[in-house]
Every structure is written in C-alpha cells, then in structure tokens.
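Below are two complexes that have chain A in common, paired first with chain B and then with chain C.
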Partner chain A sequence: MNYPLHLAILVLLWGYIYTSWSLMGRLGLVSFGHGAFMGIGAYTVVMLWNHFGLSPWLGAIAAFVFSAVVAIVIGWPCFRFRIVGHYFALVTLALSEVTRLIFIAARDHTGGSLGATPNGALVDGTSASLWALQFSSKLPWLLIVTALWLFGLWVWRQVDRSMGRLALQAISEEEEAAASIGIHVTRAKLRITIISALMTCAGGILYAQYQLYVNPDTVSGIAISLQMVFGVIAGGMFVMLGPTVGAAFTLLLAEGLRLAFGNRYPALDATIYGVMLVLFIIYMPKGILGAALEGWKAARRRKAAPA
Partner chain B sequence: MSEIFDIYLLEAVLNGLLLGGLLALLSLGLNLVFGVIDVVWICYAELIMCGMYAVYYLYVQYHWPLVLAMLAAIALVALLGWILHQFVIRPVLNAEPINQLLVTGGVLFFLQAAATLVFGIEFKNLGVTLPSVRLGEMSFSAARLVAFGAALGGVVGLWLFLSRSYLGTAIRAISQDRAIMPLMGVDPGRIFALTSALGGGLAGLASCLLVLQYDIHPSIGLSFGPITFLICVLGGLGNMLGGFIAAFIFAQFIAVGGFFFAVEWGYVIAFIFFIAMMFWRPRGILGK
Partner chain C sequence: MLLVDGLTKSFDGFLAVKNVSFEVAEGEILGLIGPNGSGKSTTFNLIAGALKPTAGSVRFRGAEIGGLPAYRVAHAGIGRTHQIPKPFRKLSLVDNVALAAFYGANETISREEAYRRAKDTLALVGIVSTDVQKLGAAGLKKLELARALATQPKLLLADESLGGLDHGEMEQAAELLAAIRGKRGITIVWVEHIMGVLMRVVDRCVVLDHGEVIARGRPAEVARDPKVIEVYLGTDAPEVQAATHARRQ
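Moving on, here comes the complex of A and B:
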C-alpha cells in the first residue's frame, strides 16, 4: 500500500512544481533557474529547523521572503533591460548554479554535497508532528500534496482569467508592441515571476520535509532545473493538466522500466526519456496532453461536420 | 611571511591564466556554432564527454597510441556535431528559438543517460600524469600548460581558417546575412553542416586536453557545461574575441577566489559577476 501511495505523492508534488514553472514558461519566460527557488525553500526550512529549532511553518515564511527577494533581484533587471529568450534562460541557469554552489560551499552548516537530514521529531512512538511537519505515515502527505496541487491548478486558472495573462501573452508575442499600447512589461513579468518562484519554493519545502533529506544536486542546480523544464515539455505546457501529465509520465516511465528490468540497466529510463524529449520537441511541441487534446478536438470536428 | 603569501597569490593568478586558456578553448566551438547557426548547443559539454570516453577507451582498452586516440576522438566528436545538426537541429531550425535550445537539452539528457548505461558511473582515469613544471617556488601542471598552448593554437587556427580560406569566408558571410547568401550561390545547409562539424571538432580538441587533467564520468558535462555557456554569453554570444576575454576573466575569479576562500566560492563569485554583468552589458562585454 505504501508504494502506490508514495508514487501518487511524488506525481502530485512534482505535478505541482511543474505547474508552478509553467506559469512562467508558457508565457515565454523559459527559466532554467527554478532549481534555485526549490533549493532555497528546501534548505532554508531544514537549516532553520536543525540549527535554531524553528518550526518549518515559521521557516517557510523566511523561505518565502528569501525567494521573493531573489526573484526580484534577478527578475527586475532582466525585465527592465529586456533580457529575453536564450539570454534569460542562461542568466537563470547561472542563478540555479549559484544556489547549488553556495549550498556546497557552506559545507560547515549544510553538510556540503553529502546533503543534510532534518533532525527527527518523532520520538517515543509519536507518529506525527504537525509542528515539525514530519509524519511517519504517508496518508497525511497525500492529503497535503493533493491540497497543494489543487491550489496550483487554482492559481493557474486565476492567472488564466486575469488581465495579466493577456498582457503577458501579448508581451511574449511582440514585446515592443505590447509596451507601445501601454502594458507595463516589467511589472507584468515580475508579478508572474514572483508567483511562480514562491510556489516553487513551497514545493521545495514540502519535498524536503517529505523525503527528510536535502542534497544540493537534488533540490537545486542545472540538473533539477532542466528536469522541470523537460517534465513540462513532455506533458504539455499550454494546458492546465499538462505539467501534471508530464510528472506522471516521467515517473511512471522510470518506475515501469525499473519493474521490467530491475536494476540491471541503470539510467535506461533516462536514455529513453532523452530520446523521447528530442522527438517531442521536434514533432510534438505541445506535449502529450496538448497533442491528445488537439487530436480529440479534430476528431470531434470531423464527426460534427456532415460527411 | 608576507613574501610567501605573495608568491602563492602569484601562483594562483598564473594558474588562473592557464585555466583561462582551457576555458577559452572550451567556449570556442560553442561560440562558432552560435555565431553562424544562431543555436546554443546546451549539450556541448556532453559532446566533450563523448570525446573523453573515446580517448579513454581507445588508449586504455585498445592500446592505441595516445596521439592517434586523440585524433580519432576529434574526428568522432566532429561527426557527432554533424549528426546533431542534421538530425536534431535542422528539423527545428525554423521553429521558435527557445525550441532549439530545448531540443539540445534533450540531447544532453540522452547523452548523459546513455553514457551511464554504456560506461557505468565509475570515474575513469587515463592514468597519464604529466609532470608538474616548477618555476622558482611556484609549480604548474604541465597538462595545463599544454592545454593553454592548444587553446592559443586553436584560436589562431580558427581565426586563420575563417579569415583566409574560401569556406571560412563563406561561413562568416552566412553569419552576417543568412538571407542574402543563397543568392550569391552559397548553400546555407552545407555551411551549417560544415560549421557544426567544425564546432564538434573543437569540442573534440577540448576533450583531449580535459582528459589529461580530469577523471571521466557521465555527469562531468554538468560540472563545466554551465561555465562554458556563461563565458560565451558574457563575451557576447557568437563573438570569439569577447568569449576569449571572458574566459580569462572567469578563470581569474575562480583561481583567485579559490585562493582566498574555497574553490566553490570562486565559482559563486564568478557566476554572480556574470549576472551583474548581464544587467550592465546585456549583449556581452564586446557586444553592441
């Protein structure tokens, strides 16, 4: 029972994080730096808990403030000076490497590349500590991540219906033209960046608390940032459930191959996944769900039209 | 006491200079491809990894002479560059620019995973140690000196090729105006394929020098890939001279920063410097 539960938790949690990334990605802000926000969330909370005994609930507030500051410090000049496309991707890539290297370099406090474990709060047979955000059973986690995932979809819908989304869509198509009709480009971009960064940060916090382990390479840096980008591409970044489909697809692919071949072929799943990514981007840029929905719509149109 | 301090600092600065040569060589092929085809190969460092494995297997397993193994590796990576262009880049050449960036990211994923699958995650070492060169009280790795020389040679060679030969002229012309050149009888498709092979060959050259200094493992690309992109961007994507200068700036930050603090802090300082420079000169230090 624990194993399917574990898979469901991971799919929902990653689905939520991918959804957070897509809020920016689908509007032309392709960030390679979201590992930074995930890492800030994970490390801030674990470090404050380990060194100062501060509850993750309070640590989360610090992590949010911290993420927002980083998002503004990086985002504002990027948007103000019209750093877009390749350049935006590579500046954010530098950001995610900076956070990863800081976690490694501050090894006296963070444990360096070996990672760190939050001090256990579950002593004397207690099975749950809400204060420490640690639970010995997986059921509370499923409830928490489901709620978070639904919240992510709700944010997506709110953004979709807002004026801001229209403004950002205009910006992503023709930035100068959008500015000329009175859209405040910098403000519009910064707003969505902060929303996306804070949501990713929350994902990082829960990921660390669920795994009870943080490691510079698994919560920040280029590898995790690319994982987010590609998960979203696989699922489809222009439809609400696309990122979640991407998370489910990648996880089930990995687990399916592991069940089929055992551990005889390490990285077989990643190899197949890499090939599929290349094919997706070339032939199916809307992702699995995007392409499926399009096919379904086309089929319905054919049926509706008289032969 | 202060005298010893200074000589170690000087050693760090000079080692930074040598590292700069290596980084300049690393960024050369990527910059060429970007300048001509307008595509960033995110998987560039993984191509270098392939070259390193090629040298390792030919030299250690099949007992080829080292120089021959290296030449074969350069040819192999040049072929990989050509394949990458023909089968991955060409289909998305007219898609949105960000898709071109992402598709090579997919190749990065594939190469890294395939290397794990085929070669395993063990660190592999060529087992060749070049002696260290002593100069007064300072010592330098001979491998780095060789790399520095090769970097200079690569830069000069590439410059001569681009400025003196017919093909080089065609490459430069295409990078200046993609639309007009077909009218002059230059086939852009052929020039792009040739440039990709040349970029791959330069990646192969870099792999020969890296393999002398570093252990090979499937995720080695991630450890020097980011810095290679950042050097190209800092120099102005496609600007060779800018990339060359940027490589030496980065190397000094890493070497001197690593001298005063831990080596990771050197990288942190270099990356933060990069981000700050992007806001000051978004098109690179020599950009317009």
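Moving on, here comes the complex of A and C:
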C-alpha cells in the first residue's frame, strides 16, 4: 500500500511544482531556474532545523523571504532591461546551476554533494511531529500535498481570470505596445515571477521534509529545472491540469524504466526524456492534455454538425 | 497643452532630432510632417516615452514628461498609435481594447467598466469584425486607434495612420481623426509623411527635415513655403497644392 501512496504523493507534489512553474512559463517567461527556488526552500528549512533547531514552519518564512529576494535580484534587471526569450532562459539556467554549486561548496554546513538529513524528531515511538513537520506515516503527507496541489490549482484559476494574465500575454507578444497602453511591464512580470518562485519554494520545503533528505542534485541544479520544463511541456502548460498530467507522465515513465531495466542503464531515462522532449515540442506543443482536449473538442464539433 | 522645447536625440553620435521645439494647443490637430527619415517618428517616440531624449524637455499640461517610461506617459494622458500596427494577436479584439482601458486610465476602474469603455471605443472607430486575425490593414490601424483612445487620453499621438491604406481608406481615417477631436475633445498630434489628405484636416503643421523644424504654420502657408516645396519636390508637391486648393474652396 505504501508504494502507490508514495507515487500519489510525488505526483501531487510535482504536479503542484509544475503548476507553479507554468504560472509564468505559459505567459512567455520560460524559466530554467526554478530548481533554485526549490533548492532554497529545501535547504533553508533543513539547515535552520539542523543547525539552530528552528521549526520548519519558521524556517519556511526565512525560505520565502530568501526566494523573493533572489527572484527580485534576478528578475528585476532581466525585466527592466528586456532580457527575454533565450537570454532569459540562459540567465535563469545559470541561476539554478549557481545555486547547486553553492550547496556543494558550503559542504561544511550542507553536507556537500552527499546531501543532508534533517535531524529526526520522531523519538520514543512518536509517529508524528507537526512542529518538526515529520510524519512516519504517509497518510498525513497525502493530505498535505493534496491541499497544496489544490491551492496551486486555485492560484492558477485566480491568475487565469485576472486582467494581469491578459496583460502578461500582451507583454509576451508586443512589449512596447503593452507599455504604451499604460502597463507597467517590469512590475507585471516581477509580480508573477515572485508568486511562481514562492510557490516553487514551498514545494521544495515539503519535498525535503517528505523525503527527509536533501541533495544538491535532487532539489536544485539544471537537471531539476529541466525536469520541470519537460514535465510541463509533456503535460501541457496552457490548461490547468496539464502540469499535473505532465508530473504523472514523467514520474510513471521514470518509475517504469527503473522497474523494467533496474539500474543497468543509469542514463536511460535521461536519454529517453531528451528524445521525447524534442518529439513533444515538434509534434505536440500543447502537451498530452492540451492535445487530448483539442481532439475531444474537434470530435464534439464533428458530432454536433454532421456534414 | 504640449510644449516641446529643444528636443534632441542622438543615436551613437547621429543626431536624429536636433533642437526641435513646438507647441500644441488644447483642442487642435497638429500635423507633424516631413519626408521619410526626417525625424518625425523619433520625435514622436521621444514624446511617448518609447525613447529617452538626449537633451531638451517635453512638458505636458505643465508637468515635465521627457524621459518618463511609456506607461507613465500613458497615465499622464497621452495615447499613441504605432506606425506598424502591434495588435495582441492571441487576445480577442475586445480584450485588446479593454486592457488599454483597464491599465491606461489614470484611475482604478472595474473590469466591467473597462469592457464597457472598450465596446464604446470599438463602436466609435467603427470596427465590425470580432476577430483580430481577420483584420486587414485598415482594420489594424483602427484597432491601434481604439486601443489608444480606450486609455482616455487628453492628447492622441497618431503615427502614420494612413500608411498602407488605399485612397478611400485614407479619407475615412482622416475623417475619423477629425470626428474623434469633435466628439471627445481630444487634442491630436498627427505624424505623417503623406501630406495630401492630412492637409485638409489639420489646423497647423510643423515640418521636419533632417531632424530639424524647417517650417510651421497653417497648412496653406506651409504648402507655399519654398523650403517645404523643395523637400517634397517631385513627390508630393502637386498633391500638396491640390489639397490646399481643395481646402480653400
């Protein structure tokens, strides 16, 4: 029973993180740096807990502040000086790698590339500590990540229905024209970036607490950032449940490959990801869910109007 | 209403606009004309905040706006159109205009109010299509105009509203600008390199050549000015004469 539960938790958690990424990704701000925000969330909370005994709830506040500062320091100059498209992707790509390298370099405190484990709070047979955000059973985690995932979908819907979403779409098409009708381009971009970064940071915090382990490679760096981009493209970034479908797809693919081939071909999943990413971008740019919904709508139209 | 004083713009040492000064009175339509490359569009972009002036000042209703970013110029009450239309193609027609109404107003308005203003404005400029993708050259120019007007400007900067239009469409566009001034009391600065149709509608002209003002005054005076005739010689000169003649009758 634990394994399906584990998969469900991961799908929902990654679904939430991909949804957070898509909030800006689908509006023309394609970030390859979200691994940084996930890593900041994971590491800040675990380090404050291990070194100062600070509860993850308080550590989360520090992590949010930290993420917001990084989002502004990176985002503001990019948006102010109109670094868009590929250049924005490159700047953010550097951000995720720099973050990973910092975690490794600070090995005296972070455990370096071996990672770190939060000090256990479940002693003397206790099975749950809300204060330490540690639970020995998976059920509380399922509830927590479900709530978080629903929150992510709610934010998506709020953004989707706002004038701000139209403004960002307008900016992604014609930035100068958008400014000429009174849209504060830098502020509009920065706002959605901060929302997306903070949500991703929250995902990183819970991921670390759930796994009870942080590692520079699994919570930050290029690999994780690319995984988000690929997952979202596979699922579909323009529909609300697309990122979640992408999370389910990538996770089941990785698990399937692992079950089928074990550890015989360690880079096999990455290779298949790469090939599939290219195929998706060329043949299914709207993703699995986007394409499925489109096909379904087309079928309905044909049914409604038989020629 | 608008006071441009000593406006200068240098691109890596090339002076695109040299010490340009002119004034726009409330309620008038001013034609800013000149051949291609004369600095009209640069002057226009300097006023609209798309470019930062190298020197000089732009005062609008008593406040300095030179060098302000474009969105603040919009909030100050200046709307602009683009020479090459820049529609938001992924948005619906009404969304295009409602965005301008929502973000361009110098006040906080509700979404409903923004959409109401957008529909009014679309009706004013007379766009019948509902799909941005289906708009032709004239329709896209009208959309530019609608978007600028939806921000409820006191001053409208119209950039080459006639470019790419056939003769009938030009006449319609000119009438539309005149009607906008009449109905909404909006002051207009109209940039154009084609003189013909414009000369019948504008109250005054400022003529630019090589980044400098070479003539200013009422259309009939400007059209007789030897310097202007020289600049336009062989291109629009006979058309200018015909246009001013038509106006006198």
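The definition used in the following text is that the second predicted complex is superposed on the first by the 290 of 307 C-alpha atoms of A that agree within 3 Å, B and C clash if a C-alpha of one lies under 4 Å from a C-alpha of the other, contacts with A are read in each partner's own complex, and residues count from 1 in each chain.
In the analysis below, contacts are C-beta pairs under 8 Å (C-beta built on N, C-alpha and C of every residue); 3 or more make two chains touch, one makes a residue touch a chain.
Everything quoted here is computed from the prediction, not taken from an experiment.
> Check whether chain B or chain C contacts more residues of chain A in the superposed model.
Touching more of chain A: B.
> Could you look at A:Glu173 and tell me whether it touches chain B, chain C, both or neither (first, second, both, neither)?
In the superposition, A:Glu173 contacts chain C only.
> Looking at the overlay, does A:Val30 come into contact with chain B only (first), chain C only (second), both, or neither?
First partner only.
> After lining up the shared chain so the two structures overlap, which partner does A:Leu253 touch, if you call chain B first and chain C second: first, second, both or neither?
In the superposition, A:Leu253 contacts neither chain B nor chain C.
> Using the touch definition from the top, say if A:Ile181 reaches chain B (first), chain C (second), both or neither.
Only chain C; A:Ile181 stays clear of chain B.
> One more residue to check, A:Tyr273. First (chain B), second (chain C), both or neither?
first
> Which holds for A:Ile83: it touches chain B only (first), chain C only (second), both, or neither?
first
> One more residue to check, A:Ala62. First (chain B), second (chain C), both or neither?
In the superposition, A:Ala62 touches no partner, neither chain B nor chain C.
> Of the partners chain B and chain C, which touch A:Ile281 in the superposed model: first, second, both, neither?
In the superposed model, A:Ile281 contacts chain B only, not chain C.
> What part of chain C is in contact with chain A in the complex they form?
48-50, 69-71, 74-75, 79-80, 82, 86-91, 95-96, 98-100, 102-105, 111, 114, 147-148, 150-151
> Per the contact definition, I'd like the list of chain B residues that touch chain A in the complex.
Those in contact with chain A are residues 40, 88, 91-92, 95, 97-99, 101-103, 105-114, 116-117, 120-121, 218-219, 222, 225-226, 229-230, 233, 237, 261-262, 264-265, 267-268, 271-272, 274-275, 278-279, 282.
> Looking at the complex, which residues from chain A come into contact with chain B?
Interface residues on the chain A side: 28, 30, 74, 77-78, 81-83, 85-87, 89-91, 93-95, 97-98, 101-102, 104-105, 221-223, 226, 229-230, 233, 265-271, 273-275, 277-278, 280-282, 285.
> Which residues of chain A touch chain C in the complex?
For chain A paired with chain C, touching residues are 163, 166-167, 169-170, 173-174, 176-185.
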